[in-house]
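Input: a single structure, listed below in structure tokens.
Chain naming follows the written order as A, B, C and D, and within any one chain the residues start at number 1.
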């Protein structure tokens, strides 16, 4: 067993990923391989984690450039040797009205939040299966639980990811790998900076990070974060269709 | 009101689409605009429907060529004037093992069964909303209800479609449009020709067609076809994860 | 059709029954037959309803004296001619600790809230079935939805009633009779005078009465009152048993 | 620890109880205290279990004579010392049409299958709580899961029992006691001798006994037996009310 936790993070500059990386490093020494689109932020986060005692390598990756997935993962495996935890936190929050008005906006939203993630999962599943151990943790969204008029494009992409993770959970369990689907509700982060926030439903990235760290440790398969979103979504899923179709939330 | 039902079918050469078109023509005079990839089959089906008394126009469309969506739909609207029913039946049944082994196979499966459909829905939603009437019926699959180890790529694409339809149901209800998500179980068609079939769970395209015709008439929003798949999927969705992840069906 | 609503109320002195009777009288002229255990309160409520313009007859009935059920109902039918609405509001809120400690307390709680009600329902079902019209509305409780450590005796009795009503719904629907199961949450009434109250979960009898009047008018079969208890109980029913058995609410 | 399993069975002459007692004795030496209404059958079963090597005491008890509960249980505890397992299998299968026609038939059915059981549970809960160990297993029925037109009196009584058991599960878990609610479907026994039987839904008492023995060993809280009844009842509970009320099963 390695003396470090060996952790690969894709979308490492997201607020939730950054908070989770710090939380892991707080728990014990980590070696991180970080992938993200924004070189400058990536460098800042790498340096911060190094200052906290972690070993860190990084590489710029735009997950929409799917031909870069394989070389980026190869490099990650080379640096880390084997990988104990993969965390995928990449994603965007598309504007539903813009998507409704534009096929190309819709396509971009679906590719960023859905297609590119499933293609990454295809490669990662095979690499983890070959290792016969590890955890594959992916941030999807409560939005995937039921498509709503106000954000069904985002929801559709996230439903694709969650359904893929459900299938991978079974496939990879037979090889000793734990798949974790992380479903955050409202998180106060740069991604949601344009929304009016506050109130008890909003969580901080640090709170979400604690939930992710615990869920990985406990080898859970699906979590809602904060926990009460499980019950909010239970209710939303049970609203009769005749009423649901009149709601505009 | 038109003396014909004006019906646009995308993926018109699928066995379920063909059977449904015939069933509609049996109920009363129809004007069809048919879109499909295979020119030869498309012509055969057009001629068959004409022989049954329908007015038919058709055009070859590979839905993967998304830049062709807009002109194809424009032509359909031009021919039909307004559209009473849109039926999307396009799709493929990907080989899960091939998808697991190949990112490009996975991408093709996701694009054919998920991305391209949602992009079509984006255009169709706007066209139907402008009309302020019509039914938008889409064949998804029971496979989208829960991702299983044996076909999660197909399931992920279909979950994307169903989640999008759920959101469109609400958005378009406010404009007088009915959205229908059709979830077939096992259907004995060319798409499943390589599978061993028979037994009470398998239905014919003609049976599915009857269910679609009735559901459109009754302005339903979600149907399972045959009906008992609703209950099969209810059970599958309720199997505890600890057991579900060991199943290989 | 009668010029009056002809209404039989059993347990007429309960705060919810009283408020509902007033609400019905507000909607139009009513003829009430009131049954309750407490003669003095019964008279006060009768006079109040008469002062509001209703025709009222009453009779003292302790529902635990089950041999009195038949003559009391015979008298009610004689006075009212036919009965448009039956409301059963009889019941007590047993002390769970006392029930746990005493078989006779448990028996009293089960008889008052369960057995006696089902015996009344047996007679009422036959009388309404003979009429071929009418509504049979019964106040049960959210407590019957899942037995909790803190009040399972009360819950067990109410579950008996709700299960009986579920079966009667089907049996009597074939005869034109609507059965309504009314599930209140926390109601601020003399029955709960010993509990610390307040907060958004507590409703007044008048609020519950409005829900009952509306549900009878709409020929509903099951209501939670106030409405949000439906969702609270959905959550309570879905709490995993491993967690539920540790809860002490 | 005792060298015997010390087992108290109430309703010991039921076919399911007899088969379960034999199965327990097959697993290892047991000391039984058997209670039942029919003295002759009770003696026969006692002798059979003795012939199989068990130590057995028995006493005639009609559970409707509730004043006999306390002395009967006192005697059982005296014979067994402490009790490892309590199994309640007492009950009758009432005739729904007779119950609908007769208040006294309904009362008898409710008392035999509901009230008397909950009163027994009241005493047993306190005795087990004092011991701080043991399993309390009770045969209820799938009929309690949703009241149906064809047997709601039986269902109402069983719902009372299951709701009580749910509450006791939590109360007694804190004292080291495991409560088990056993929900059989159709069992081919003398109790169902008048029904036309056969087909895959019918189980033998021996099959049910195996499920009970396993569930007690695994410290389960709720089982359906045979297992597939869990899924049948899931479906029955999810049938929309508008359809359910037209069903006559």
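Here is the rule we use: a residue touches a chain if its C-beta (ideal position, glycine included) is under 8 Å from a C-beta of that chain, and two chains touch if they have at least 3 such contacts.
Bear in mind the structure is a predicted one, so any value in this text is a computation, not a measurement.
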**Study point:** Touch-network distance, chain A to chain D, counted in steps
**Key:** 2
**Study point:** Pair in B-D, C-D or A-C that repeats A-B, with over half of contact pairs matching by residue number
**Key:** C-D
Check your understanding: At what distance in angstrom does the C-alpha mean of chain D lie from that of chain C?
Key -> 30
Practice item. Return the distance between the CA-based centres of chain B and chain D, expressed in whole Å. Key: 50
Study note, to complete from the structure: Shared-interface residues of chain A (touching two or more other chains) are none
Exercise for review: All pairs of touching chains, please: list them by chain label.
Suggested key: A-B, A-C, B-D, C-D
Exercise for review: Note which residues of chain B are touching chain A in the complex, please.
Suggested key: 66, 69-70, 99-103, 106-107, 110-111, 114-115, 118-119, 122-123, 125-126, 144, 146-153, 155-171, 173, 221-222, 241, 244-248
Review point. Taking the complex as given, what residues does chain A use to touch chain C?
Key: 231, 234-235, 238
